[in-house]
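Take a look at the structures below.
Consider the two complexes below, in which subunit A is the common component and subunit B and subunit C are the respective partners.
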Partner chain A sequence: MSKKHKEVAYYPGCALEGTAQSYDRSTKAIGKALGLPIKELDNWNCCGAMEVKNIDPKLQTYLSARNLSIAEDMGFDSVMAPCNGCYHNLKKAEYDLEHDASSREITARLSNKAGHRTYKAGKVETIHALDWIKDSVGEEGIKDKVKDGLKGLKIANYYGCMYTRPRHIFPEKDQGPGSESTSKPHYMDDLLDAAGANSVEFPLKTACCGGAHTLSDSDTSTKLVLNILQAAEASGADVIATECPTCHTGLEMHQIRAEKMFGKKTKVKILYFTQLLGLAMGLSPRKVGVHENFSESLPLLREKGLG
Partner chain B sequence: MVRFPGSDESLDIEGILLRLDEIDALPDDDVACKAEKLAAEQLKMGEVVLETWLVARNGVPTERLKEGFRLLALHAQGAKGVPSFNACRETCREIVYQYNVVAAAENDGDRVRALRMMIMVVRHLALFVSGKLEVAGLGDFCCASKPLHQTGDTLTSSPGL
Partner chain C sequence: MPIHEKSLIRPENLVEQDELVVDGIDVSGHWSTFITSRAVTDYNEKMQDEIAGLAGGEFIHRCWQCGSCTNACTINALNNDFNPRYWIYLIRMGMEEELLLDKDIIWQCVSCNKCTYACPRDVNPEGVMKATAHWLELKGHTPKSPSMIFDEGFSEQVFKTGKIEDGLVLRQFFAATGQKLTQTWLVSMVVGLIKRMPLTMLTRLGLATFFRPRTSNWGAARAAIDEYVSEKRNENHRLLGLDKMEDGR
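Take a look at the complex of A and B:
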């Protein structure tokens, strides 16, 4: 079993303290169950999200770099970000600091003004929660901890658009067998299958959920989500597993909106992959925050003996 | 709006979405009989969607092929200078994949399944691009977008910072 990423700094980001509390809760719960200690970054700040990046990308680089410098100061060489947006932005900051002199200059200037050390590229590796589980315990570690398992629950694994794009900020991906793929990601499939699920072939696993449309053009978001939900059902899935709070919230909210606005009801349930892993390891639905989801999945989970 | 080769019918993205619904409503037996023709029609629909994006941005859609498919060449052309357009890269590749599955399927069940998956993927491309066109005046909406203020002052270039 690999020892890589056994101990990581944890960067929850804003979403996991708000709409995605169940993702935060289930991430911590499976870390504990798997014997993987995580330590939250002290006094972390926003990664720059899409709002700052759209106005001033260099400022976003600085904001993410500050979080990386905190991880380094705390003695970690890797920081785990479960949110796709945070993960993407920290990776992008790392790339920009390595390749762009202007980003380095501005980050140094803002760090001095804020009174903290300037982060230099290459000191801290940003990983996703999927990398964390895959690298530290892997499928074998999951199988060892699984109790009743997911009992063939049919799952469409939905990665969203930011986990793999743009390719150049993820140099560790597409490195051949065993590495993650940017065109057909599989880490979530691997882990959930190891937990007893049956991952279905799902053609929209990296398709846009319309998350950033939600306020400016809700109908387009609803139609995009509805198509994802219907494709998952057509693929035979009982559940869509998510690993991004923006996607997860979008799928839940627009599932409801699709029924209200367009009269299109879908039955597929939406759960974070960390919730599903926790359930497979015998944690209760409450322990992994199922009650905090909008998607009402308890009846299905009970039917499958998981609730 | 683009005319399909060998057809009098012209379809815009809205028309494509309606046509996809029509194909989706066909019974499995009909789909099985016409699967390859319907797959080719959908591949063309994908091209029309991307052509619409390119034309709206004053581009001239390429006739080139990438990996044997014009759809992939059009996507690469459409993403030049617009990194957020790569959010539909895998959607285009999935269309090609399902098209190939329809062509290679050894039985009607697999053929119909791939054709119906293709409908959903083409629909996703059409919705994505129509959304992108809708908000084009507001700047790129996507998380992987370019900044809104590309030529003006930024916060980090202001004297205070």
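Take a look at the complex of A and C:
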């Protein structure tokens, strides 16, 4: 078992303070249960999400760099972000600061004016919550902690866009056996299967939910989400596991919207992978924030003997 | 480069005689189809440079028209007219009039980056789509898209306080675009949640709308960002020749 990432800085991001409180709650809960200490970044700021880059991409780089500089100030060499948007932006800032002189120049200028240290590429590694579990305790560590397990619950693992694309900002992926794949990611499958789930073959793992336009072009997002929900059901899944608050909320919201606006009802439930891991380790549904999801999965969990 | 763009053939230029006999041979219907030629003379020679000068458009010149972007595109799968490869072609050729035929859908790119992932030439087509949508708005060809209204409202909040509160983002966007908060699907989402949620959580969520999350000591960062944003805006206006237009008025 690798001891990598034994203690990490935690960057929850705005979504985990808002609509995705259940992701925050369940991430902290499994960290505690697995004996993985995390420390929240002091006075962090928004990474720019998917919006600031459309005003100006260099501002997004600056916003992310400020967070990385805080991790460095706190003495950490890795920062863990459960949100795909935050994870993606921090990774992208790292890449741009290493490869693009004008990103470096603008970040330095803004950091000086704002009165904090200028972050330089290579000081802090950004990891996803999936990397955090996979690299520290791994499947074996999960198996050790699992009580009743997920009892063969059929799960479609949905990774979304920002975890894998574009490829160049994730230099550690696609490095052969064992490493994460950008075309067919498997970390979530590995962990949940270790927790006793039965991950189904799901072809839309990295399809887009239309999250960037979830409110500004809702009909498009509803069509994209409906496609994902129906594909998951066709794959035999009872639950879609998510690892991104934008995807998660998008799936929940457009599942309801598809029913209300287009009369298309789907019954697959949506849970964060951290909630599922927590349940497998014997934490109560309340402890992992199942009641805070829009998707009402408690009846299904009870039926499967998991609630 | 002799690329024959089917999309450039306008429906009205496709001519077909229902009944036609030439030299005793019946060529009625599609056998007699021909295309009336048309000459394009009004190339906009500045268009590519202008779009390349906006953020995201920098690498448009690398495109060799393989079509991997369109093939991979999430939105193209829903709407065939959404064709990044074709738009890059039009921009590089300076065919503004043709591009404007699609002006109302270009903003619909969802930034899934499948195109950027597939592109063998590192064009960054996702960035090109954003730069093109931005160009259309700056030039006054299109009104601000719902997406741009959302991005601006969101970013303003980040620049002002360092963080966002999602409830506020939603309320502001609905107000800016004249949508009601009482849409059936939204109401049903919230009602479902409230039914299950413990009272303490609801109180906390309610409080969050009054005590908004913010980053402390953000003033200096805010000033630096505001200064950069206005610098950048002037730069873009100069690039597109909008500053002269404004002076001339």
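Throughout what follows, the second predicted complex is superposed on the first by the 307 of 307 C-alpha atoms of A that agree within 3 Å, B and C clash if a C-alpha of one lies under 4 Å from a C-alpha of the other, contacts with A are read in each partner's own complex, and residues count from 1 in each chain.
As a working rule, a contact is a pair of C-beta atoms (placed from the backbone, for glycine too) under 8 Å apart; a residue touches a chain by one contact, two chains touch by 3 or more.
Please read these numbers as outputs of a predicted model, since none were measured by experiment.
Enquirer: When the two structures are superposed on subunit A, do subunit B and subunit C clash or fit side by side?
Expert: Overlaying the two structures gives a clash between subunit B and subunit C.
Enquirer: Taking the superposition on A as described, I'd like to know which of subunit B and subunit C A:A15 touches: first, second, both or neither.
Expert: second
Enquirer: Just checking: does A:K267 make contact with subunit B only, subunit C only, both, or neither of them? Give me first, second, both or neither.
Expert: A:K267 sits against neither subunit B nor subunit C.
Enquirer: Count the residues of subunit A touched by subunit B and by subunit C, then name the partner with the higher count.
Expert: After superposing on chain A, more of subunit A is contacted by C.
Enquirer: Could you say whether A:L110 touches subunit B, subunit C, both of them, or neither, answering first, second, both or neither?
Expert: Both: A:L110 reaches subunit B and subunit C.
Enquirer: Once chain A of both complexes is superposed, is A:F294 in touch with subunit B (first), subunit C (second), both, or neither?
Expert: Once the two structures are laid over each other on A, A:F294 reaches subunit C alone.
Enquirer: Report for A:D217: first if it touches subunit B alone, second if subunit C alone, otherwise both or neither.
Expert: Both: A:D217 reaches subunit B and subunit C.
Enquirer: Under the stated touch criterion, which partner chain does A:I256 make contact with: subunit B (first), subunit C (second), both, or neither?
Expert: second
Enquirer: After lining up the shared chain so the two structures overlap, which partner does A:P166 touch, if you call subunit B first and subunit C second: first, second, both or neither?
Expert: In the superposition, A:P166 touches subunit B and subunit C alike.
Enquirer: Per the contact definition in the header, classify A:C46: touching subunit B only (first), subunit C only (second), both, or neither.
Expert: After superposing on A, A:C46 lies in contact with subunit C but is clear of subunit B.
Enquirer: Is A:Y62 in contact with subunit B, with subunit C, with both, or with neither (first, second, both, neither)?
Expert: In the superposition, A:Y62 contacts both subunit B and subunit C.
Enquirer: After the overlay on chain A, which stretch of subunit B ends up in the same space as subunit C: 2-10, 20-28, 38-46 or 56-64?
Expert: Superposition on chain A puts subunit C right on top of 56-64.
Enquirer: Starting from the residues of subunit A touching subunit B, keep only those that also touch subunit C in the other complex, and list them.
Expert: In subunit A, positions 50, 53-59, 62, 106, 109-110, 113, 161-162, 165-166, 207-208, 210-213, 216-217, 220-221, 223-224 sit in both the subunit B and subunit C interfaces.
Enquirer: Mind listing the subunit A positions that touch subunit C in their complex?
Expert: 14-15, 17-19, 21, 43-46, 48-59, 62-63, 66, 106, 109-110, 113-116, 161-162, 164-167, 182, 207-208, 210-213, 215-217, 220-221, 223-224, 252-253, 256-257, 259-261, 291-292, 294, 296, 298
Enquirer: Along subunit B, where are the residues that touch subunit A in the complex?
Expert: Subunit B residues touching subunit A: 83, 86-91, 93-94, 97-98, 116-117, 120-121, 123-124, 127-128, 130-131, 134-135, 138-145, 147-149, 154-156, 161.
Enquirer: Which bits of subunit A are touching subunit B when the two form their complex?
Expert: Residue list for subunit A touching subunit B: 50, 53-59, 62, 85, 88, 106, 109-110, 113, 161-162, 165-166, 183-184, 203-208, 210-213, 216-217, 220-221, 223-224, 227-228, 230-231, 234-235.
Enquirer: Using the touch definition up top, name the residues of subunit C that touch subunit A in the complex.
Expert: 55-56, 74-75, 78, 108, 110-114, 116-117, 127, 130, 134, 145-152, 154-155, 158, 162-167, 170, 173-174, 177, 184-185, 188-189, 192-193, 196-198, 201, 208, 213, 215-218, 220-221, 223-225, 227-229, 232
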